[in-house]
Amino acid sequence: MNTFGKAFSFTTFGESHGKAIGCVIDGVPAGLTIDESFIQSELDRRKPGGKYATSRKEGDVATILSGVFEGKSTGTPIALVIFNENQKSGDYENIKELFRPAHADFTYFHKYGIRDYRGGGRSSARETVARVGAGAIAKILLKELGIEVKSGVCEIAGIKAQNYDFQYATCSEIYALDKNVEEAQKKAILEAKEAHDSVGGVALVRAFGVPKSLGEPIYYKLDALLADAMMGINGVKAVEIGEGCNASRMRGSQNNDAILKQGFKTNRSGGILGGISNGDEVDVKVYFKPTPSIFLPQQTIDTKGQELTCNLKGRHDPCIATRGSVVAEAMMALVLADLLLLNMGSQISHLQKVYM
Amino acid sequence: MNTFGKAFSFTTFGESHGKAIGCVIDGVPAGLTIDESFIQSELDRRKPGGKYATSRKEGDVATILSGVFEGKSTGTPIALVIFNENQKSGDYENIKELFRPAHADFTYFHKYGIRDYRGGGRSSARETVARVGAGAIAKILLKELGIEVKSGVCEIAGIKAQNYDFQYATCSEIYALDKNVEEAQKKAILEAKEAHDSVGGVALVRAFGVPKSLGEPIYYKLDALLADAMMGINGVKAVEIGEGCNASRMRGSQNNDAILKQGFKTNRSGGILGGISNGDEVDVKVYFKPTPSIFLPQQTIDTKGQELTCNLKGRHDPCIATRGSVVAEAMMALVLADLLLLNMGSQISHLQKVYM
Amino acid sequence: MNTFGKAFSFTTFGESHGKAIGCVIDGVPAGLTIDESFIQSELDRRKPGGKYATSRKEGDVATILSGVFEGKSTGTPIALVIFNENQKSGDYENIKELFRPAHADFTYFHKYGIRDYRGGGRSSARETVARVGAGAIAKILLKELGIEVKSGVCEIAGIKAQNYDFQYATCSEIYALDKNVEEAQKKAILEAKEAHDSVGGVALVRAFGVPKSLGEPIYYKLDALLADAMMGINGVKAVEIGEGCNASRMRGSQNNDAILKQGFKTNRSGGILGGISNGDEVDVKVYFKPTPSIFLPQQTIDTKGQELTCNLKGRHDPCIATRGSVVAEAMMALVLADLLLLNMGSQISHLQKVYM
Amino acid sequence: MNTFGKAFSFTTFGESHGKAIGCVIDGVPAGLTIDESFIQSELDRRKPGGKYATSRKEGDVATILSGVFEGKSTGTPIALVIFNENQKSGDYENIKELFRPAHADFTYFHKYGIRDYRGGGRSSARETVARVGAGAIAKILLKELGIEVKSGVCEIAGIKAQNYDFQYATCSEIYALDKNVEEAQKKAILEAKEAHDSVGGVALVRAFGVPKSLGEPIYYKLDALLADAMMGINGVKAVEIGEGCNASRMRGSQNNDAILKQGFKTNRSGGILGGISNGDEVDVKVYFKPTPSIFLPQQTIDTKGQELTCNLKGRHDPCIATRGSVVAEAMMALVLADLLLLNMGSQISHLQKVYM
């Protein structure tokens, strides 16, 4: 259950304060040029740093252990490992016996009957570094086929972007899609941080150049798989495709995208019809809750069931939507790579192209 | 890709206007009393009928072909088949060559290179009758363990329920959760219908009695799986868990659920932490777009790429969220059944209870 | 667990004396011409009849419920159903409480805590009719790519074929590959039958025209998957690839197949190297035990654990290897179809052929 | 496709001459005491060494990267990594362009269009070190439930063990089950080695204490899964369950195991009926071909299709059945662990034990 994907799949391992985080990416077609510096640059985008993120210091250097020979993918599994460097487990001594509110501490303990209290253990968002590494490999595949995935933050603390500049987001410290509201968004983050609190936010992920036909009805649809991928990211509580919630407040005549010779007149569908990509841009919005780790007193219980007040210390992002957008982007790339492979068998003519 | 679930799984088959719709449910534990009348009553809840739904007439009678002996599940796959009765394929002759806007016609054609124009073929929501049948079996399992799943409509055309009465919803023609807004919601549906248009809506699904521990981190989490299950229902464009989108507009101090001896003080999390059930009620909101089939002229193209105006005829629900809520309820039951089985191996003590 | 295959997969359902046996075949590429009479002719090859087989009478008429439109596969799941006609459950009243030696009665009872005593229920070889139906669809796919699978019986009661005539086997009542030993083999079957006993036998399955590259290392190899597929057939106790057991008695210099420009000099490998097809004929031998149902007194126990003597009645094949060879052939076709689809993503150049 | 198992599963990565070999073991129940020295001792059993094996020197030291906290499994994936130490890639410079007969070189090249010539790359039996590591974890689980798996070599170069002493095998340099034929078997290996040739052999794996009920009909049967697991080991060409090939030469009256109060009178079935364990010892024979790497001249072709004579150098086992028996033992443990978890959901009473 630590594997995502069917044809292009990845399996992750590792805990926040264990020796290493890593992943094994399986199903990578042979013959791709694997540029390690690109993988590193993707990890760097997710890496903590700056005043809007946690102060935990991690080099996040990925080492490829297998699957690449003379710079090319060989068709065998690619293992990536990132050794943890800055595990201050001591930070967690004081919470060893208590459950942090809105954290997975409580549920992991009840599920497994055991407690890895060090920074959330496996439930920590630190695990997502492995997803970004796997996502980088997926992107290398997508690029060969002219597909690109971009992302950014479209809302923080209720302050919404009015327009989306994906290029700008790559340079913004908070991954903001809209330069005009960026300062207000930054201010909201810092105000929450100063109040020992946190804020939520929303990431937008968009894929360009997606061919018509990705998505496997009925139970491996593109939209369902994206919902799965995004809702599985730490702290995500809602996922929208295209118009999303708004669609349910429209009439059909408003929501239906007319079809023209050159393509769809509008893209309220988010590029997906019947669970299959329609050739338009694929659009997903990912809603992150505020970071559960706040530095205000909170009511909770300990592993014996005793009530107490919890006062957290440690290093946490005041807003997880920012770095979370990079993870969401990686997940979209991984979903598309998987569906590209799965769709190869949809028509007998495809097999004839390859085998005859 | 027509299979959902890993341990308790089901595979569906059938087209809107083919001979039959059916499913094979695998992984059903032996020893359950399978009450056929209960299965039928679930199908009846989803069945078309009344002035708020399509006028297509289907008996929707399910026959069990296997897996049940002397009234008990035997551990072998349960096959259900529902023969189609009221296929008016003639209704579709006029759309044989064109793509209905906001429908899957366009994408199926591009994916498979072939066109089953009869009522959307496999992409039709008629397929969901099989999910409801499978869901009934899941509910029989859940009931043995004290778990119950309920649903209703909490919003239509922007008109929101103020409180949720799941009992009431079972009697309401539109599955309304709130008696006080039901009339306004009904009116909105009928107005749209009279205008040859359609409206969207939102279903709420809630599970009671869910044990702490369901959900398999990292890539088969309860929330991710629910998102997958719900987004895969025809016409769904957004899924929220607990506070959903709202959570991203709160601060951590507002959103975190305090933990008391007797349980959580609030349930903004929707009963899920770190992808695992926390023992509280599991809450999901499912956003349905307005029915794409409307009876107003629309711009589209045909299979040759020629632009034309499409004028649909036929029988369609003016609002799919109503009957859709029953499907969402079934999917929740199926997700929980699957996770109940998967969690059996989470602790060595569980194995000792069974084997020693 | 009633599903076989990953990309081209099938799920079966049904019991020996239930209403129907059937399967859902998923992953069938769209655009194949589905000839129903061919499917029926495959089922007929497996059908009971004649003096060398059980006298149970079954029409074994398959009905396609879905997945085919205007004679073509549409990419959606193909459901086949075969209604049981000749269930003499009465035959089994006397064995209701006892476990037939060498049968699955004992293990099903202990696994599921329940007993479907009617002809072995789900464990009956009658289930294999569904595999043959699914195999027929697989063969239609293989044929489009120039691949053919053939089979026959190469040994009965220790009497071995000296040469293999697959054409002859299709006409032989016992599916004999060697006309010269056929009479001796037939005699062995009848002698056993007259002695109220049964005999074992061996089937040979061979695939022609298999492209180099089928098989997914490391854990979905062609040979491993064939072993899985064959050992899973009722009554099979051993599987050999190529030289099989003999290879372990050779030296490397004897066993290695030299490679020439035009191909392999010999085919001791059975057409598989490193779990991947090498372009040569793929060869598998499948060893069937003697039918466990014999009409001699046997020691056994009942469901209460009491010892008793069991005297079986009913209708049984005196040798299951004969009709079993048809099932093995179907399984080989299904394995190859699955691997053909899975291999589509092995090289980036394949994706470029399909998408660019 | 580098993953084996469904509930208790493992994924391996790494090439013979890459940086590392490793695996991620998923589905390990929480609460197991993970003794690292036991894992190491299992790896040591498989480790090259002595005059009957390759002279390649590898420490084969496994490091646990995740999934274990304070000596206990936590329910999260356990990653093991073994860094390669003694890669003499130079040994392979001379075979860079040619295909070694009976090796996977030829098929990998055709499948992936790329060549990792260093010691067979991913197709090397060196990968099996990861299986043995994963198998050690499986054994820790089995032991908690009173199940034990043992193995040894029962035949080399046609010289067969007359009786099986599993204890003796653990001390024998060639893992011989029968002290009385051990010397003859050793001699056969050395003679072949001196003749620059190799010999085949057969391993026997037996499980003790297996509960009745393991195996998931119809397509995840215990015997089928064992066949899959064993045939997937490098160099295996045949697999037998219980009497295996012999069964097909018997009559039913000879082959059927009578059932007594205290258990089965004989165990010709190999402890499996209908694909489910019957409580008796589970018996599998695994047939290994002679090592393909021999030091005699052989006919082959190069990557351009030119014929030439191949003269291999390097370090190879003269008989792979010996160390292969340890791998087969690990695979049996992994199969049983997987089926133990899967069977947890077979009866509703099991769920009641865990949840109520």
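In order of appearance the chains are A, B, C and D, and numbering begins at 1 in each one.
Just so it is clear, a residue touches a chain if its C-beta (ideal position, glycine included) is under 8 Å from a C-beta of that chain, and two chains touch if they have at least 3 such contacts.
Please read these numbers as outputs of a predicted model, since none were measured by experiment.
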{"item": "Pair sharing more residue contacts (C-beta pairs) when B-C is set against C-D", "value": "C-D"}
{"item": "Label of the chain whose CA centroid is most distant from the centroid of chain D", "value": "B"}
{"item": "For chain A paired with chain C, centre-to-centre distance based on mean C-alpha positions, whole Å", "value": "44"}
{"item": "Distance between chain centroids, defined by C-alpha means - chain B, chain C (Å)", "value": "37"}
{"item": "Centre-of-Cα separation between chain D and chain C, whole angstrom", "value": "26"}
{"item": "Set of chain B residues in contact with two or more other chains", "value": "1-3, 12, 27, 30-31, 75-76, 108, 111-113, 122, 217, 342, 346-347, 349"}
{"item": "Residues of chain B defined as touching chain C within the complex", "value": "1-3, 11-15, 18-22, 24, 26-27, 30-31, 63-67, 69, 72, 74-79, 81, 108, 111-114, 116, 118, 121-122"}
{"item": "Chain A partner contacts - residues on chain B that touch it in the complex", "value": "1-4, 12, 99, 101-104, 106-108, 110-113, 122-123, 127, 155, 157-158, 192, 195, 197-202, 212-213, 215-221, 223-232, 234, 236-245, 247-261, 265, 269-270, 272-279, 287-294, 296, 298-301, 305-307, 321, 342-343, 346-347, 349"}
{"item": "Interface residues, chain C side, partner chain A - complex", "value": "6-8, 27, 29-32, 75-76, 141, 144-146, 211, 217, 340-342, 344-356"}
